[in-house]
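Lettered A, B, C and D in written order, each chain numbered from 1.
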Amino acid sequence: MSPVDQLRKDIVSASRILAHLRLVEGFGHVSARIPDSDRFLITPRISLAMVHDEQLLTVNLKGEVVDGNHPVPFEAWLHTAIMKTHPRVNAITRIHARVANIFSVTDRRLEPVHNHGSFFAGGVPVYTRPDLISTEQLGTEVGEALGDRPAVLLRGNGQVTVGRTIPEAVMMAIYLEEAAEVLYGALQIGKPIPLTIDESKQRQLEALPPVDLERAWNFFKNRIAREDS
Amino acid sequence: MSPVDQLRKDIVSASRILAHLRLVEGFGHVSARIPDSDRFLITPRISLAMVHDEQLLTVNLKGEVVDGNHPVPFEAWLHTAIMKTHPRVNAITRIHARVANIFSVTDRRLEPVHNHGSFFAGGVPVYTRPDLISTEQLGTEVGEALGDRPAVLLRGNGQVTVGRTIPEAVMMAIYLEEAAEVLYGALQIGKPIPLTIDESKQRQLEALPPVDLERAWNFFKNRIAREDS
Amino acid sequence: MSPVDQLRKDIVSASRILAHLRLVEGFGHVSARIPDSDRFLITPRISLAMVHDEQLLTVNLKGEVVDGNHPVPFEAWLHTAIMKTHPRVNAITRIHARVANIFSVTDRRLEPVHNHGSFFAGGVPVYTRPDLISTEQLGTEVGEALGDRPAVLLRGNGQVTVGRTIPEAVMMAIYLEEAAEVLYGALQIGKPIPLTIDESKQRQLEALPPVDLERAWNFFKNRIAREDS
Amino acid sequence: MSPVDQLRKDIVSASRILAHLRLVEGFGHVSARIPDSDRFLITPRISLAMVHDEQLLTVNLKGEVVDGNHPVPFEAWLHTAIMKTHPRVNAITRIHARVANIFSVTDRRLEPVHNHGSFFAGGVPVYTRPDLISTEQLGTEVGEALGDRPAVLLRGNGQVTVGRTIPEAVMMAIYLEEAAEVLYGALQIGKPIPLTIDESKQRQLEALPPVDLERAWNFFKNRIAREDS
């Protein structure tokens, strides 16, 4: 399979996993950079539970659709702007995780208290404009809010996670919601004990190695495969 | 397909979607005005998960069943009175959403904090009599409580949502529960940051266009189709 | 079908419904009085999700198994003592509803705030001994705590609901958990507004008629039938 | 079936049950001592939802894999150290239960308030280092934190439960999460009423007998069997 075909397959797997976990419902998209190019693949204006391989669009860093017939997402500029301004990012998920969303509409910062939360050491930034990210200007602002982190909350409007690979961006989406769930729960029963920066660093070393990430990715791919059969 | 046949089909889809999302359990109904007439279609006294096309009743604005053999819902007057007094309304859902219901039995107002909540800017009214809406008088009172809004809470007894079309009334039901869930969660972890009226207006412009509404509607129709197969 | 065969069939339906709704997990039982006799039918020491018609036991009011080969539940005396001391009761569920259980281990009384909660006007009593109800003495005490109400909480140990019929006892189980869920939620967001005694009485008149109860019962029977097919 | 073959079968059943109940997601393992030996069986670095009989590893108390080809879990030392230092323990689950996890990241102790919680009388200890348990030293420390109890929380990183048999270790995992859920809920609505030590002892006598434990184990085995078919 060619690298681009593999990317297409992984984008569809990512879409199914995010839909299966209800990290997206009717909306949301996934994108991935085509290596050594100014282009990336992105899901069209079709629900992630339903999207297919041949429906993916190819978009360049000027925001032009260079391949594909389906309508482009209203928020394509969110992906384009981040791909353009963040060379480290090769994959993006645009999701609507329910518990993480709650943290975006209060004065409470989402900070890690458990192992998989360690990727979010220092807290997850919030982009406070509640608008649809439909222009390059807004997309660039979201990218600035993201900075060098793996995730950013859009106030009352879901989240963006990024990674060096599609599995990494997807696992960041899963871990972000998990981190939100654990902190949410902790706040209900007592005083949360945050991970220190040092503890977080140590945990990231242990949790991010490809072997673990791949195990988790394969677990979720297997689960959706069993659902589809 | 004739417009009325399409309405019948959409009422059954709406019923299945609401049942699938557990926005109704054993009870609840859906109605839709027959264009350019003094009549509307309504589901009979059958659970929405089980209702079929040919079981729908036709009722006129005097509350008379003019077509159909199945028993009429105890709350048919709720639909009749709103259809009669609110010409803008072409479709109604009568649901029992769980989190929205919680807001109807406390002193806490349901106000929007997230994007899909923007339709409920200014707060969702509560009709405070806990009775079954079984007379024209009660139905008219509920209609007055509704006013020009998309939804009204019936104290301890579910909700009513309305729309210009069936998909709109259904999406209002879905967004109402979502708005309740987000605010409920926000109240558990900190101080909620409400959408301002201006922010809500802007979001409504972005979220209500037929194309987006239809995407969401198709997403949910697809999901129930896959469940049924 | 003979009345007793119908009872057997309804006990199995009740068991499946309670298991489906997770109102029981591995444990729990259902019993029903054989009309005009000193006997009742009861599920044996088999999970309600798995129990079959021919496995039901017949027990008399002295606590003797007069028909059936399977082991009798450890808590058979709970059923026997209530059947003996409460002639109004023809059916009993012994369940482990999760949210209602929470109210049994705190100082917070479970009182109705929503329509289906109206059956529990005045609050649900708690039997405070945490023991297994394995003797006639303990069973009689639970019956005394129940009094003329439809339900009693066993501290940290589930619940008992009763009815004139099996559908009524099952609907009381469902409504009890629903009442607990609504009050639980209300307590998280503000000050709950309880139903007054008068409001509760009015709602009971509206909600208990056989036609409504039967609709709900049929809804749940239909749902489990679709799951089994 | 030989005793070791039965153990293998039970480890796979335990893995499926824990995955079905979402007490593990992509990670987690189960181990069981081979009677009258210095060896135990353990699941490899494969998600418990997917692991098969022939993939199990045999490890000795020096931490050496003496049979099996699949990669050993990163936390094999957790199992080895407990098996070595706790002769009473014949089976171990390493899980990631969501609500119990919350108690490990706050200052709130997990103490029993309901019947199945009685096994945790006196409270569940927390091992406060958030690290992966990847060395004999760390495994031994976890064993010390466990002491003579059925469970220990690893701060922000899941739990360990143990038993004399596999069903017992699994039921401790299930009851641990249940105890956490009930206490979590109780804390939201009022003042929890803990089981006294005496009440807990009495409940343990009633709840632990093999016949009850086996009923619960069979219930869960049956449920996963129905899912797989």
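Going forward, a contact is a pair of C-beta atoms (placed from the backbone, for glycine too) under 8 Å apart; a residue touches a chain by one contact, two chains touch by 3 or more.
The structure presented is a predicted model; accordingly, all values stated were derived computationally and were not measured.
The minimum number of touch steps linking chain A to chain C comes to 2. When each chain is reduced to the average of its Cα atoms, C sits farthest from chain A. One copy, chain A, sits rotated relative to the other, chain D; on C-alpha atoms the angle is 90 degrees to the nearest 5.
Of all residue numbers used where chain C meets chain D, under half belong to both copies. The two sides are thus made of different residues.
Centres computed as Cα averages put chain B at a distance of 32 Å from chain C. Annotation for chain D: residues 188 touch two or more other chains.
Touching pairs of chains, sorted by label, consist of A-B, A-D, B-C, C-D. On the side of chain D, the complex with chain C involves touching residues 113-115, 117, 181-182, 185-186, 188-193, 195, 199, 202-203, 206, 212, 215-216, 218-220, 222-223.
Looking at the complex, you find that chain D touches chain A at residues 25-27, 45-47, 49-50, 74, 98-99, 101-103, 105-108, 130-132, 134, 155-157, 183-184, 187-188.
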